[in-house]
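Each of the next two complexes has chain A plus one other chain: chain B in the first, chain C in the second.
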Partner chain A sequence: MMSELLDRLVRDFGVTDITERPPAITTLKVSKENGERLIRELRDREGFTHLNFIACTDWIEDGIFRLIYMLHNYDSKQNLGVHIDIKRDHAEMTSIHTLWAQAWTYQRELREMYGIHFPGSPRLEEDFCLEGWDAMPPMRRDFDTAKYSAERFGHREGRVSLVPRDHMKVQLYPNRGGDES
Partner chain B sequence: MTLVTGHSAALDFAQPDPVDLSSGKYVKLWQGPQHPGITGNMSLELVLDGDTIIECKTHVGYLHRGFEKLMEQRTFIQNFTVVCRIAVPEPAFNEYLYAAAIEAISGVQSPPRAQWLRTLNLEMMRLASFLMWIGGQGGAFGQYTVANWSLTYRDYVLDLFEEMTGARIYHMYMVPGGVRAGLPAGFEKRILKLMDDTDKLLDQIERVMYNNVVFKARAKGLGVITREMVDPYGVVGPNARASGFRRDLRKDEPYLVYDQLDFNVISGSAGDAYERAYLRLQETRQSVNLIRQVIAGAPSDGPFQADMPNLLHWKVPAGETYVKAECTRGEYGYYMVTDGTEIVRRVHVRGPSYTHAIALMERLAVGTNIADIAGLMVSLHTYPPEIER
Partner chain C sequence: MKKTPSTLSTLENAGLSAEDQLLFSNARPRPYEPYPIKAIEDFANWARANSLWILAFGTGCCSIELRPLMTARFDASRFGVAGRPTPRQSSVFIIGGYVSVKTLKRIVRSYEQMQGPKFIIALGSCPANGGMYFDSYNTINQFDLYLPVDLYVTGCMPRPEALLGAILELQDDIKAGKCDGANRYIEHFDEYKANQKKVIKDWNMPDYNW
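Up next is the complex of A and B:
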């Protein structure tokens, strides 16, 4: 059943990189141009009526944001993750706010946290979590939290900032974790 | 301005025209972030025509601590002190799902005893959370006696959490590969005694709260979620079940030992605040019953932790997964991407409040009397921290 669907998606939408992942999801990749049309098709014709979430992973080394639209079919119990890569320096994607009511909230958050634009999405420019934020979108990999904090709030006498993973290895467990492998 | 109501409106997500506040006909009112009738630190920006709400906007961010960003800078094991803080009244689901996501990617299998103990921990968490919710729902309609009763019993459950895990709220009990400890001596006897007492408490609460004429009058017909709204608005858990859907991840996509337990998915039909409240009372009783079953079925010996690599240097293989569980509010999920290093590449936490407290709440609030907004909000059972992460 799922393989028939996937064959058709390859043929009609040019999907690639179909991967089965434990415990029970299938991911596939589709172009930015076919993304909205594919998601609409999955919802309207294939029973994927539930949008679990929309998320983004920043692959800064490849110059892309990977959007993931996680969809679920309540009848067949199938979970499908749709990957869409967009360029970091032209971060824009077609809005799906007409498909699910919560989609525009996700898009609003992605605009704030990654700087991705979804033309036409309602209230896109309204602050989500970060009131009056004027720096780089903070979930981008090149946003340096320690540097931002030092510049924004300044140094306070007696305060020391440590990298958590180094602190645990080298200072808390010098004989077990330091430079051992 | 036209109020959007009825069946055909379920798919109409168009934003209403802004209200002309300068006309002097309307009042803007902020409910929260500091207000006894708000569920946690969030706020509702309300526009009133008389005492009827004609516009609602949910504002979050008061609890934003950048958990997902933090997780990208710490080792896998260090994140256990972070994930449990994402949903304060229900930290255990975060622990379980974070551990389950790592296990799914790395191929680690937790031993059977650990799976029973995890199930016990999650059902205790469900019971504690529902008891807290009953207090909130009662309080929102002026029934503070019920709130005092149920919150006292929640504390008794926290006593048992302290015995089992060493902590009352943030347990950090479920770790990759299993759990940190077995049950202390005599624990089974004490928890079964508490379950018997809880049954009696729930009977009292049903008599005092659910049969109360004021509660019925105010909750019935309030915040109706129609069947047609459920999928377009991403409604899950008791909010969807009260509208007639028999959907429960514990049955539909069983995890841990739920396929070995005897229970049915409870559903309703009216889809209003009273139906949701009554359904949650039934699910609280169901949770008590499941705890008894887990105590009866859990192995008393055997390993509770799989062999694991040195956690200080653990490099989880590159991969991607999405794991989910049925928390008290419905589908709770962790999406995880790893790149083969000792740091997680991306974690996205999917909490049911994300849609219940924003898209759904903003829709249901329109047309509601201002006096009922707190009751409506609690009836959706939302936790702001899981929205902001």
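Up next is the complex of A and C:
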């Protein structure tokens, strides 16, 4: 049944990169233009009535964000991951809040953490986790979290970080200067 | 409606709208004055030490260890310690681990609403120096920049026994009259406030939450 469905999706929506991850996850890739239409079709006709989550990965080398919409079919117990690549600068994607109301929240989070815009999504600009955030969205890979933390929060004098392996060598072999051999 | 310009004796409450400013007090907090007779102050401290009410407010993963404290196995109530659901009724604020900026705002609000005497125990390495979240974009690295800490408990995460030990130590310190965190906060109020406002960018509450 699944392969039949996939064949049809290739024909009608031009999906590519179909990967089976047994036992119950299949992922596929679709263009940004066909994305919302494909997800709507899967929900309305193919029984993928549940949205597990929307996630995002920053592929900074390729200049894209990959959005991952994970859908679930309660009858066949199948999970279908729809991957959609969008451009990193002025990132924008069609909102799917009309399909699932909980998509609001995911989209709010994606706006805050990655700076992706979803036109029409309710309360999109409202703060979610980061209140009064005034820097680059922090989950973008070009955001330097250590530098930001040092500038904004400072560091306590005398704090040391120990690499557990090296530290334990010194603890276990003190006479040999931490040398195991 | 414009308020009179701030003087040293009142707070500005600049984060509030002009309308809301009328609804909140702008008085500055005053430090606690000990009883002039030392024996009475000592007696009061003894009483305070034996009636500690912990605010049930968990901030990070360390606060997982707060829960077993109240149950039969560790049973903190034998030391006269119990949990309270609201800051108005509590005297001990246990900062349970890492503090994100969003939580810090709630912590400041809750702490200021607590009525004296009040004490802060900072649990775990995160409030002390950032712990393993030292490079996180969203957690503060030194809690005592923002609120006064009376006692630190080390560990990641400290066991409930360590917390019990901390409570006993806090009791000793209170009896010895050494826990003056609340007064320190008020005496250095402007510095603490400036530090808080440096990280809490959307300051939309009164400068002191009475």
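The rule is simple: the second predicted complex is superposed on the first by the 153 of 181 C-alpha atoms of A that agree within 3 Å, B and C clash if a C-alpha of one lies under 4 Å from a C-alpha of the other, contacts with A are read in each partner's own complex, and residues count from 1 in each chain.
The working rule: contacts are C-beta pairs under 8 Å (C-beta built on N, C-alpha and C of every residue); 3 or more make two chains touch, one makes a residue touch a chain.
The model shown is predicted, which means the values in this text are computed figures rather than measured ones.
Chemist: Contacts for A:His90 in the overlay, against chain B (first) and chain C (second): which applies, first, second, both or neither?
Modeler: In the superposition, A:His90 touches no partner, neither chain B nor chain C.
Chemist: In the overlaid three-chain picture, which partner chain does A:Ala101 touch, first (chain B) or second (chain C), both, or neither?
Modeler: The first partner, chain B, only.
Chemist: Please indicate which partner A:Gly132 is in contact with in the superposed arrangement: first for chain B, second for chain C, both, or neither.
Modeler: Only chain C is touched by A:Gly132; chain B is not.
Chemist: Look at A:Ala24 in the shared chain and tell me whether it touches chain B only, chain C only, both, or neither; answer first, second, both or neither.
Modeler: Only chain B is touched by A:Ala24; chain C is not.
Chemist: Residues of chain A touched: more by chain B or chain C?
Modeler: Between chain B and chain C, the winner on chain A residue contacts is B.
Chemist: If you stack the two complexes on chain A, which partner ends up touching A:Lys169: first (chain B), second (chain C), both, or neither?
Modeler: Once the two structures are laid over each other on A, A:Lys169 reaches chain B alone.
Chemist: Looking at A:Arg123, would you say it contacts chain B, chain C, both, or neither? Reply first, second, both or neither.
Modeler: In the superposed model, A:Arg123 contacts chain B only, not chain C.
Chemist: For A:Thr145 in the superposed arrangement: first (chain B), second (chain C), both or neither?
Modeler: Both partners.
Chemist: Once the two structures are fitted together, what part of chain A is touched by chain B and by chain C alike?
Modeler: 127, 129-131, 138, 145
Chemist: Flag every residue of chain A that touches chain B in the complex, lowest number first.
Modeler: The contact residues of chain A facing chain B are 21-25, 27, 49-53, 55, 57-58, 68, 70, 74, 77, 79, 81, 97-98, 100-102, 104-106, 122-123, 127-131, 138-139, 141, 145, 163-165, 168-169, 173, 176-177, 180-181.
Chemist: Which residues, counting only chain B, touch chain A once they are in their complex?
Modeler: Going through chain B, the ones touching chain A are 13, 15, 60-61, 64, 66, 68-69, 72-75, 78, 100, 104-105, 107, 231-234, 236, 247, 252-253, 255, 310, 312-313, 319-324, 331, 333, 335, 337, 342-343, 345-346, 348, 350, 354-355, 358-360, 363, 388.
Chemist: Applying the document's contact rule, which stretches of chain C touch chain A when the two form their complex?
Modeler: Residues in contact with chain A: 100-102, 105, 128-130, 134-142, 145, 198-203.
Chemist: Under the definition above, what is the set of chain A residues touching chain C in their complex?
Modeler: Residues 127, 129-135, 138, 143, 145-146, 148-150, 152-156, 159, 161.
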